[in-house]
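Input: structures, listed below.
You will see two complexes here that share chain A, one where it goes with chain B and one where it goes with chain C.
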Partner chain A sequence: MPHDANARANAGLNVAVLVSVGRHPLTAGTRRADQDARAVEMALTLENAAISLLHAGPADPERQQALRGYLGMGLDTLDLLEQSADADVISVLEEEVRHRAPQLILTGSRAEAGEASGALPFLLAEALGWPIVTSLAAVEKVENGTAVMLQALPRGKRRRLRVRLPALATVDASAPPARQSAFGPARRGKFEHQTRPSEVDEPLSGWQFQEARKRPKRLKIVKASSARDRFKAAAAKAEGGGGQTLADVTPEQGAEAIFKLLKEEGVLR
Partner chain B sequence: MLDTLLPVLLFTALALAALGAVRRVRLWRQGRSSSVPVLKGLLRVPRRYLVDLHHVVERDKYISHTHVATAGGFVLAALLAIVVHGFGLQSAMLGWVLLAATTSMFIGSLLVAKRRRPPPSRLSKGPWMRLPKSLMAFSIGMFVVTLPTAGILPEGVFQQGLGWIAALVLAAIIVWGLGEMFFGMTWGGPMKHAFAGALHLAWHRRPERFSDKTGGEHRSTGLKALRLDEPDAKLGVETPADFTWNQLLGFDACVQCGRCEAMCPAFAAGQPLNPKKLIQDMVVGMAGGSDARYYGSPYPGKPVGEHAGSPFGPIVAREGTSLVDAETLWSCTTCRACVEECPMMIEHVDAIVDMRRFLTLEHGNTPNKGAEVLDNLIATDNPGGFDPGSRLHWAADLNLPLMADKKEADVLLWLGDGVFDMRNQRTLRAFISVMRAAGVDFAVLGNEERDSGDVARRLGDEATFQTLARRNIKTLAQYRFSRIVTCDPHSFHVLKNEYGELGTSETPATYHVQHHSTYISELVSANKLSFKAWKGGSVTYHDPCYLGRYNGEYEAPRDVLKALGIEIKEMARSGYRSRCCGGGGGAPITDIPGKQRIPDMRMEDVRDTGADLVAVGCPQCTAMLEGVVEPRAEIKDIAELVADALVIDAPVGKADSTRAAPALALEETS
Partner chain C sequence: MSDILRRDPRKEWVARNRLHPQHLSVMAELGGGAKATEWMGPNGVMRRDPRAVGFLGPSGIRRIDRSGVQQAAQAPAHSAATKDTRQNVTIDAPAFIVAVVPDMSGGRLSAHDRDLLGLARQLADADPASPGAVLAVVFGEHKESAFGEAGIDRLLHLEDERLAGYTPERRVAVLQSVERELDPRFWLLPDSVIGGGELGRRLAARLGERPATQVWQVEADAQSATGWRATARAGAGRQDVQRALPRVVLALAECADPVSETRHAAEAITLAQPSLDVLGRIEDLGEVAVDPAGVSLAEAEFILSAGNGVKDWDGYHHAAEVLGATKGASRVAVDDGFMPRDRQVGATGTWVCAKVYVAVGISGAIQHLQGIQSCEKVVAINLDPGCDMAKRADLTVIGDASAVLAALVARVEQYRLEQQENRDAA
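Moving on to the complex of A and B:
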C-alpha cells in the first residue's frame, strides 16, 4: 500500500462498517461473516481512517462470540445496538448513522443468515438518501469529499467510479480476503452495548423459514473430440443469448425496455 | 613475587567473576517467573551432568573424551589452585595432584585445538577460536607455577635472575588463562556455557527429562499449556523478557557446538532457520544489541549483522526487521532433532512455539495457508474444511463399530484427519483388516471424533488446540476402553502427552495410547497374526519424528517388519537421528521456501540405501514422501505391509472371528 500518499488525503475519514453474524456453510455454526469481514478489511487498509464497527441485532453470548471475530482483526470496540430477534434493523441503523455521520459506510452485500435478501444496504441507502456502490473492489483515493472507487464487474472486469461522499458501498467475494482474526485482540475487544427499541418486522413474522437445499445442477454434456475443445467448453462464458445494451436512452425508454423484458421472462404478468 | 601476585590475581579474577555472575543472573531474571526447587536442583547438577548430559555428549566420542579431560582437569585444577596458590597451602601432595589436573587439561585443550583445524562449519569462530589457546594458557601457567610446590623445581626459582623474567611471562600467561576461565565465564566469554550450563541443569524447565536412580523412561516432549484464563495477559512470547527466566538461562547455556544446526532439516534445505543462531539471537535479545558478533553459520539467505533486539523490544517486528524474522520461526517442522542432539539440553521447540503463539494469537499472522487451516479447524474440526459429518464416508463398506453404539471396547481406534485423505484411507483399511484378522474388539468414534489439535498447537493457536482437546476429552470420557490405538503419530503424541494437562477431576485425560505399530507388534508377539513369507524387494524404515524422538518408539515398527521377514536396510540417519519428512509442525501449511525440499532430501537418504520400498508409520510422512517425484522407492505404511502379508485362514482370536469374517471378505474384493 502506498500509505503515505493516501495518508493526508484521507485524513480523518470516518468509516462505519456494518457487520453481521455469519453462518458457516457446512456446519451452520456462527462466525464472522465472510463478506462483512472483507468490508472490515477494506476499511482497515484505508490509511488514517477512523473505523467504527456497528452491529444491530440480538446480543446473546453465542452471537457476541461470533462478532468478536471482527474485533480480532485489530479493532478495539464494536458498537452493539441490541434489538429483538424479530426486529427490522433499518431504522435503528439509519438513526445511528445520522448520529455518527460517517463519510463512508462499508458492508457485505448479503448476510449469511436470516433473510439474507441483500436488500439492507439498498434500503439503508435509500433511507439516508445516499448513493450506493455495489461490489466494491478497492477504494483508490478519497479527496475533497469524493472517493475514487473500483467496482468489480463479472469476469474480473473493473469499473472506476467517482463517488460523492457520504456514500454506502457493499463488498462481495471480489474484494480482498479478510485478514486472520487473532484470539487475543478478539477476546480483549469491548462491546459498546446499547439496547434500542426494536421495530418489529411485521411481514417477517408471517414467514416460514426452512433450510435451503442445494439445487442439482444441470449437467452440461460436452461432445468434444479433443482436449482443446473440452477445455474451451469448460472455460467458455455462460452464453446469455439475446440481451441488448442500451446506451444514451431516456429513463423512460430504459424503464420501457426493462418492463418489456420482465414481461417476456414471465416475471410480470 | 609470584607468591604475592598469584593470590591477588586469583582472587581478583574470582571477585570479577562473582560480579559478572550477579550481572548475568540479573539478565536472566528479566524473564517471567517460573518456580523451581532451588536447592534440590543444585544438588542434582552432578548427576544430571555426569549421567544425562554425558549421555548426549557421548554420541560424539571424540568430543566426549576431550571434554572429560579438559573440564575435569579444569575444575580440579581451579579448586586446587585456589587452595594451593590462593591460600598458600604448600602441600607437595596437592601440588602433584594439581600438576596431574593441569596436564589432563592441557591434553584436552590440544584435542580441542585439533578439532578446530580447520573448524567444521557447524562450529562458531570468533572468540571460540581463541578458546583452545586460553585453555592451554591456563593449564601451562598453572602447571609451571606449581612445579616448585610439588618439589620439582627448587623453591624460589622464580625469584632470582632469569627467574624474574620467567615469572613475568608466567604471570602474563596466567592472567590470560584466568581472564578466559574465570572472568570470561560470567562476562559472556565462551566459558559462559559452563556457568550457565550448570545452573540450567539445576533449574531446567523440564526436570522430567533427567533420569534418576529408579531408571525408566525420561522423556518430556509435550508442549506446555498456555494459560488462557486471564483475558488481559499477553499470549505467547513477544519480547525476550516474555520467556520464563529459566528459558533465558537455558539459551545462555548454549555452547555453540552447532550439533543442532547439523541435524536441522530446515537448515539443510536452505530455509531461513538455524536453531543454533536462533538460540544465540535469544541471548543477543536478552542482553540487548545486534547479532553482529555472532561467528557461526547464519540463517540461510540472511546475512549476519542486520538484526538487533532488546530485552523488552519485540522479537519479530510487525514491519521491517528486529531480532528474528517471522519466516525463521515458521520454517521449523518441530522435529526435535535439535533438542535431541543438544548437549546443553536446550529446548528449541518450546521457544519456537512460544514465539509462534504470540504471532498467531496476538498478531493474527500465521503465514500462507495457516489462517485458512485454523479457520477450518475452528469451524469444521478438521484442517481441510470438510463436512464434519462425513468422517466415516470412506468406510461406508466397512461396517465399523461405533463407540456411540457399543459404549465400550478393548481398543478405541483413533482415525485422525487422514479419513479425509484417499491415500491415508488405504492405510486405515489395511490396519482395520489387520485388527479384524486378529479378532480385536475395537470401535471408532466416527463423527464424534475431532482433529486432535496437533496442527493448531504447533501453529501457535493454543486456543483452538485447547478447545479441540477439551471437546475430545469430553467425548472420550463417555466411553470405556482399555487403550487408544492410532495410525497417526501426531494424534498419538497429543493424546498421550498433551491432553493430560487439560484433564479435570471429572474427566481425567490420561490414556493408554499406542501407535499402530506398537499394537501390531503386541499382536504379533501374542501370535494373533500369521504372515506369508516376504517376497518383495529390499526395505528401509523411516522413523516419524513424533513416534521416535517424541515418544521413544524405535523398536516396535522394526520388530513388526522383522516379523514379516523383512530385513531393514537402515538409513544413515535413522532412529533418534532420523531426518524429518518435512511434514510436521504445520510446515507444509506455512510453506516457507528454501533451496530444496525436505522430503526430497529424505528420499535421497532412502536412495542411498538402495531400498525399493520405504516403510512408514505416519500419514504426514506418507504424503510428504509420496510427493517426491519418481523414480523413487515405493512408500507403504507398516499397516499396509502387514495387511498384504496376512494369512487369513490361520487360527485367529475366537471372540470376534465369526463377525469379522464377512467384512474381511468384503475388503478382499474391494
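Moving on to the complex of A and C:
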C-alpha cells in the first residue's frame, strides 16, 4: 500500500527511517542493508504512520540503485542528502531531523560498510537530546506522547519499555524480517535530491582499512608445575563421555533425573 | 619440616640387598613405619604379610619393585600444584586509572569480562615505573568473590534501587561522574549485544569521544598518539581497521589473555557525588513472557527436539507445551512430514545455541551434532545406549521415548501443582 501525501497530512505518528547502502556478505555488491530494511518494515507495520525515508551520502548511480530497494517496499519517495564519500553525516542529519521534527526515528543498529561502529544513532540522539532504545522488536502502542515498545533480549526474551517521544530506536537482526522489494514500485519511486555541504571526517583518513584477517585461535594454556602434570594435560583426550548414562531405569526415574537437570538450569517456568 | 628430600644412600643400599641382616627393619622404616613383611612364626615356619610388601605409587596404586631401585616417596605432605603461587600486587598511588565496566551477566564476571580485564591490566602495567590501577565499575548486586584474581585494583560497587533494572541513562550519568572525579585514561567495555555494547556507545556519545568498536587486538605503538594501536573489525566483519587506541574502547571477547599470575587488591572505593537524580525518559516495565512456540529456533533457550524414535507425536507436542520448550526436529522427522522444515536442527537446518537441548529419539547424525555444537547441556532420551547422541549428551536416559516423556510431563505437572499450593498457602 503506497503511503501518499494525503495520508501523511492527517497521520498520527510522523516516523523517519534512516537508511544506508548495504553490502552483500558474499558478493560484496551493493544492496539494501538488512537491518535498515527491517527498520522500514517496522515503520510500515505501524498503524496510521507517515513514513519518510532519509539517506545521507554520495549519490552515484550504483548506490541509487541499491537505495531503490527501500522504495520497492511500498514507499513513494526517498530524501537523498548528497554528501561526499568521506563526509561525517551526523550534523547534516541532525539539521534535517530538526527541520522535519519526526516523533520517532528508526534505523538499523550498524552499517554494513565503512567503519560500521554502530555509534551514529547514539551520536544523533545525543546531539538531538532524545532518548534512544536499542534492539527494538515491536512498537505496541503510542499514546500521550509516549510509546510502549518491546526490546529484544538474547534467547528470544522481550522487555517492555515506555519511552517518551520524540525518540530514536535501532533495529537489529531480532526484529521481524523485511518484506521483499518489488521491482515496479522500486523503478517508479522518486528521489528528492538535495546537495548539502559536506563536513569531512578527518580521523578516518588516518586509519588503515584492510581485508579482515582471521583472528588467531587462543591456545590452551597449561600451567603445571611438574612434568607429570604437563604430560597428563597434553596426553588427555578431548572431553566427551563425561555425560551420565541411565540404563535399566523406569521411565519415572529417568524423568526425575531430567526434571532435576531442567530445574538446575532454570529453564522451567 | 624442610621441603628438601634427604636421601640416605646406605639405607637405600640395605634396602636393595635382601640378604642384609638389617633389610627388614630398613624396609619398614622406608615404607613409612610399615610392618615387616616376613618373620619366623612360633613353630619355625616363615610367615609373610603380602599386604605389607611394596609401596604406594604416585597415583595411589600399590607397586612392588623386586629390583629395589624404586622406593616409596616419603608420604608427600603437600604438592606444589595445590599451592597458590600468585603474587599479591597492591598499587597504592597509581599514575593513572583504566576504567572497566564489566557486563556481570548472571552476577558474575563472564569470560568476556575477564579478557577485558586482562586487556586493562596490559594497558595499566605497560610502564613498570609508573603503574596504573584498574578500576571496575559494577552495577547492582553480584555473586562474584574473586575480583582481585581477575586483576582489579579498585572496585566501585554501586547498589541503588534507582539503578536496578534497565536504566542506561542513569548508568551513563554515574559513569560521567566517575569521569569527572577520577578521570580515567581509558574506558574499556565489552562489545556485547546487550549491556556493554550499548552502554559504551552511550558513554562515548556523552563524553564526546569517538569509540573504537569491535576491537580484537591492542599492540604498543610508539608512533600513535596514545602509545597503543588497536585493530578492530569494521564493515560487517569483512574489513579490519587499524587506528590509534582512543579513550573509549569496546572490545570483543578474547581481545587479551585473562589475568592469571597476580592477585590484586580490589579495594572498594566510593564516589563523592554520584549523580543519580537524572530524568529517566526510558521506563522499564519488566520482562514479557514469550510464547516458546513463536521463538525462532536459533535463539531459543530450551529446545525439545524430536527424531525418528518418536512414535507418539501427540504426546511429544503435549510435552513441549507443558515444559514450555521450543520444538525442534531432526532431518528424518522433517522429511517424513511430522514437523515443518523451519524446525529442522542441524547443518542443513538451523544452528541452535540453546541452554538445554533435549533430543528425543535422535541417534545423532554428524550433521545434527554440528547444529547443536554450542548448546550448553544436552539431554538424550534414546533406546540405543551406544548412539552418537549419547556420547555427546550430558545426561542420557535409555528407554522408550513416549514413556519417558509421559513420566516427565506427569512430574512437571506435579511440580507446578506443588508450586501453586505453596503460593496459595503463602
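Heads up, the rule we're going with is that the second predicted complex is superposed on the first by the 201 of 269 C-alpha atoms of A that agree within 3 Å, B and C clash if a C-alpha of one lies under 4 Å from a C-alpha of the other, contacts with A are read in each partner's own complex, and residues count from 1 in each chain.
Everything below uses one rule, namely that a residue touches a chain if its C-beta (ideal position, glycine included) is under 8 Å from a C-beta of that chain, and two chains touch if they have at least 3 such contacts.
In this text, all values refer to a predicted model and were calculated from it rather than measured experimentally.
Novice: Report the partner of chain A that touches more of its residues: chain B or chain C.
Specialist: Looking at chain A, the partner in contact with more of its residues is C.
Novice: With the two structures laid over each other on chain A, which partner does A:A182 touch: chain B (first), chain C (second), both, or neither?
Specialist: The answer is first: A:A182 touches chain B but not chain C.
Novice: Contacts for A:V92 in the overlay, against chain B (first) and chain C (second): which applies, first, second, both or neither?
Specialist: So A:V92 meets neither chain B nor chain C here.
Novice: Touching A:L262, do we find chain B (first), chain C (second), both, or neither?
Specialist: second
Novice: Now for A:F122: first (chain B), second (chain C), both, or neither, which partner does it touch?
Specialist: Once the two structures are laid over each other on A, A:F122 reaches chain C alone.
Novice: Using the superposition on chain A described above, determine whether A:T27 touches chain B (first), chain C (second), both, or neither.
Specialist: A:T27 contacts chain B only, not chain C.
Novice: Per the contact definition in the header, classify A:M73: touching chain B only (first), chain C only (second), both, or neither.
Specialist: A:M73 sits against chain B, while chain C stays out of touch.
Novice: For A:A49, using the defined touch cut-off, is the partner it touches chain B, chain C, both, or neither? Pick first, second, both or neither.
Specialist: Touch partners of A:A49: none, neither chain B nor chain C.
Novice: A:A138 in the overlay: touching chain B, chain C, both, or neither? Say first, second, both or neither.
Specialist: Neither chain B nor chain C is touched by A:A138.
Novice: Could you list, by residue number, the parts of chain A that touch chain B in their complex?
Specialist: Touch list, chain A to chain B: 24, 26-27, 29, 31, 72-74, 179-185, 187-188.
Novice: Using the touch rule from the top, collect the residues of chain B that touch chain A in their complex.
Specialist: Against chain A, the touching part of chain B is residues 231-232, 234-235, 360-366, 370-371, 374-375, 378-380, 385-388, 461, 463-464.
Novice: Enumerate the contact residues on chain A facing chain C in the complex.
Specialist: It comes out as residues 23, 25, 28, 110-119, 122-123, 125-126, 131-135, 148, 150-151, 153-164, 167, 172, 174, 203, 206-213, 215, 218, 221, 223-226, 228-229, 240-252, 254-259, 261-263, 265, 267-269.
Novice: Given the complex with chain A, which residues does chain C contribute to the contact?
Specialist: Against chain A, chain C makes touches at 58, 79-81, 85, 166, 169, 193-194, 197-198, 201-202, 204-206, 210-214, 216, 231, 233-244, 254, 257, 260, 281-290, 292, 295-296, 299-302, 323-326, 355-356, 358, 376-379, 381, 385, 390-400, 403-404, 406-408, 410-412, 415.
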